[in-house]
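Labels A, B, C and D are assigned to the chains in the order they are written; within every chain, residues are numbered from 1.
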């Protein structure tokens, strides 16, 4: 975790102010780097209701800084285009009316180059903001804005994959693909973890979202967790054993999804002749046995675990087990796939988002932030499941033991996989 | 709780065998009593996908005994009609193909009198079963069958209400209505509960569902719970304060439901002139301020709690707080509404099902039963919220501290309400 | 056609007044006869949105007389129940709000016996109306009311079939089934009809709907029409030739229906082992080759005609060709299937409703009636196709050359078939 | 009508071959001119299922020439990209599998510049084709290809409008907007037309679609047709008179659309303060009273006619009345709105597509073409209504008395209006 590098939020030394600004503009730059291989067309289209166009992500993250930081804190700030708030507000009821989510892909205007100009305008004003000492309130908002844009960076990548996977030409987003993995990733093993009262949630001084707080104690039983994520090779075995045809393995809502959606394999898998392939950001590739399985729903993860005679870990089991796990390698366009397991091990951070058995709910004593940021996390605490760990697509500084990602159990377009747990 | 009256499942004395049989046939009789005021038409129609026809409930609970008990355990049992398994299997994939749930209301045949004959046939054979000593396996199945039928008895009542509420004539199911409640139910008060490690789940020898086990320890903080359920009077205040028009009070999915469904009041409320009325099993009645609010979704309950500056209790807080609460009065056709609060108190058992803040998930170490009964509870452990307490419609012997009811957060046709909690 | 028996609407002799009353009460009685084999359950349920419950038909036709005849014309008439107008108005915007069509099946109240009492009340008052001389305006309305109820009689039968076909028990509505038909119905032959200017539409003095007027001249080419309707045997050949798998045979909207609905055979056909069966009002029967095919949509009829190298006749070709065709046998509960072709001939009247190539549009100079009856036909003149001929389920007095039935091209639950035409 | 300029299809002189080629490449060029003001983003997005992206139109019309002309007729032709057939086939079942219509907007690849290269490749090969004498079969296909592309040119314009109207920025497609019209267009008058036997359909030697043939005689009554199309001013009067609130004016399916879709004005009208505005290809403009109303459905046209005490003409009345009408002005980017009525007159050609009272059906003796072109028109002959006249967006050479356009009665995104007729 790069958390240690973060300036303590309470400090205000010049050096750290500088570091904040460096991180800010590095983040802003990475968004453009992500968009770089895309044509204006690619940046504009919305693959499905759950996804957003790249251009929309670029503009929305910019509006976030304009609306929450520049408007209130930069004297004399000139709004770039006052119609953009309507276009690029995502879901903040407290910040006014907005364009309907499923229609984001209709926004061919502003054009990609106009959004680029919007970003430049806001970035320039963000630089001006740093000409004066940054106040504590501003610092917090900048920190939130960085983290917010990082979340959207991962979404940009998953939404691009959704778009390209829907294209019969199966285009590649990038070409610097990793080598095929060795055939097998190793058998793996169970690792025991002692139960008892553990503290979970966010405790360090670094940035964290409100949904990671308050830190609190939980009571766990002894349990075991596996040394690697479930691999594609294991998933193929599940498929060959009739996993998608056996209702007794599935939750009722999961089986309804299997039947209603015709699921027969993970999202983005397609069979060409005798060989299963997988659409990736590097285009279509044969499925590699040793890599963690990705793009499975909670329903599929849960059914697999039942088939395997195991279960998913709870989010707290996962968090405790992850303490001491190595930090992931830095984000790298040449590594947009989870690394294959090696010698039966795959790390808990930075491979795939791992579904847990925990519903996304508030921690005891949770309080939403005041104001618009109160809509950031809390209002989604229903019907979703917690994922932990971070994926190969997760930007640096966005991975930590207490981090809680959350998606609906039927969703599959994120880089989601699983790791097995069992009772001791 | 009538649990103490239950014969221990491990005992086998004649006296207790007799008691089991008495409870079985009393249960079977109550189902007929519930159906009694209904015409064959009323028994046949399905009010909506979530509801089932009375006739279907009567036949399904009968098929349950036939399929799981008489077929395997009564030598020489003659199946009443081998086409009924297809018609009246609810959701047991392991017991074969079945009629689609949303089409249960198309089954005008078998007629109500034919279903009555089916029940008589099965009851007679159940009596024959008792002529020999009941074995332990049979005893368990009979116990499950009784509890299963009791659950359907409550559903029969809620489904009838759904049907009659959809009828422009607003017919009354029964006429022996309770007197209007006194105007106010009293202010109520917060009751403090100490945190720490508590044991929850099913521990007694009486019957319980698999989802109540295993009993296990949980770690709670100190908390407070209110002395009565939220009343209609309070709900009217919430409505008048614009509760249904204020997105910041709602979960995102809840607000989508408010907008998509046009919710402006609890289900079954309608305004006639200046007066809010409520459709009940006794027909249309003016809303009574002192009675607990009913027929609200989890979304509404959660929004109300936020508006009130409080929260919903977790299921474990609720369970611990309910220990020592009085048993509810016996089921009574003259009391099919939750009793009004008196002096600021309404009991935790037998008024309304109280939404908790807990998602319906398995307990640590949970194991589904083997065989078809494994489909009873476990496969629904996703996307639903736990309710506790039991309602005025809940049959006797079906209420206990560890009992976990569960519904989807948008569902409103059950007798669902809420009780507030807060941090200490 | 029994049209000749009808009293001229302009006459007013006592004899004819008597005949009007006789026809009225015979019609009212027949509705009860149709309902007679049905349980209250059967009478209440709505098989699908397009269908209505028998009980609803019985009440709606009664309300029609009450609303349009008794209320305005019978002094001192007491409305049976003033809430029934809301329940039993079908689609007359000018007559007030009404219960939504797809929810007619929720009306378990009024019960079947209460609807019977409603009918008796209205019938008794209709008798009182005849105690005074019937005025011309009343006579017209009675005539419309008779014809209206006759239309609903056919709908009652088709809606019952839809209900029973949805029941896994496949119940029989009646048991007096006709004998199986001889194996083949004969080859049939083309019959030439001379073109030129022909007069079409309603010209006699008998009753006709407004949509049959004004009579007018049309210009036809020479054409040929086949001596019998398309038979089940021919339809099986179409199926075996891959008719349902060959997009080039179908209209675009038709092919979308084939794919969207999974059509592989006429409605109500099901294959049991190697033998195609057909659900009928007499229960499930093997498909009989010599009987006219029934329960096919316009799309299917049109595709069959193309496959056969022919076409459907226009409604005017059909009308001209039908002049001089024999009147059908009287309505008979022992003949609720179209009679098999014999020696290559099946009559144009009283077998199946025959889809024509004509869209349902107004005749030149068409004027809707004033008042509520103006909503009877004219507002449906869009998106539907004309059918001609009348089926085995059509009541007496409801079949004539100028009669225009109309349904949407995808609808299949009426007794619909086809007869081929071709250019001379 | 520019039809007279067309080379007779049977001639083959060098001069006319030249003219065919000139028209071909002029048509190809116009498509690029239409796309010219659009960014790659604008060209890629699909506004709704009925519409297609500009880029898709550009590629589809190119594929049409490649597939039907170059592949079979140009020796040695190299297919540009064999995956494009899947991407850009519209609805020709006989030409293989294809990308689903509602997902055309997901095709960000091939990019706009790649589609431009595809067009250049095909154009170059079309030029090569003209190096040898053009055979009769080729000539016909080129003629079809020109007309096909012209149809798509109009669709490009209407689909762009749909896209820009869905954008909250309300962008203008072009800026060379016509001056606001004079306030009123004049009262207008009824013009009588004599009935009798008239010949309709395509008779000249110029190009026409199969659906205009065979020419045939029809029998018409005397009728009257109005000297101008219905204007925006009249439509405002209809709205103010409660036209959208009066069910008795509407067809049943039309009223369902009004209620279901919430129609209160023509498509693209929006009220800003007290003034109705209309989104156009020139951006948002105040509604001008004298211009013909546009973007109304058949349902609205039909209801307006009833409200006005008139009716829509049949397609044959329209065709006969249009004989001798002036040819429209050439297509002009500065005139993408229907010209205002002047002195009570608006021409029948080139203003708006005028809904007729005729369903789109085949003419007597109609035969679809053999091969893929047989899918061009015939398979759509159901559920649609005929429009006549051509709009301000219709390319030159695409307007003639016998031309039959057709859309579903609920569709509004074409430049559709109406002209009243009445009985003599």
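In this text, a contact is a pair of C-beta atoms (placed from the backbone, for glycine too) under 8 Å apart; a residue touches a chain by one contact, two chains touch by 3 or more.
As the structure is a computational prediction, the values presented were derived from the model and not from experiment.
Colleague: Quick one: which chain's Cα centre is the longest way from chain C's?
Modeller: It is A.
Colleague: List the centre-to-centre spacing of chain A and chain B in whole Å, with centres computed as mean CA coordinates.
Modeller: 39
Colleague: Once you find the CA centre of chain B and the CA centre of chain C, what distance in Å lies between them?
Modeller: 46
Colleague: Would you kindly tell me how far, in whole Å, the mean C-alpha position of chain D lies from that of chain B?
Modeller: For chain B versus chain D, the centre distance works out to 60 Å.
Colleague: Would you pick out the residues of chain B that each touch at least 2 other chains?
Modeller: Counting only residues that touch two or more other chains, chain B contributes none.
Colleague: Using the contact definition from the top, classify how the chains connect: line, ring, star, complete or other.
Modeller: ring
Colleague: Note which residues of chain A are touching chain B in the complex, please.
Modeller: For this pair, the touching residues of chain A are 91, 93-94, 197, 216-219, 221, 247-248, 250-255, 298-299, 302, 357-359, 361-362, 364-365, 374-375, 379-383, 409, 423.
Colleague: Under the touch definition given earlier, write down the residues of chain C that touch chain B in their complex.
Modeller: Interface residues on chain C, with respect to chain B: 39-45, 47, 55, 83, 86-87, 99, 103, 105-112, 163-164, 166-169, 171.
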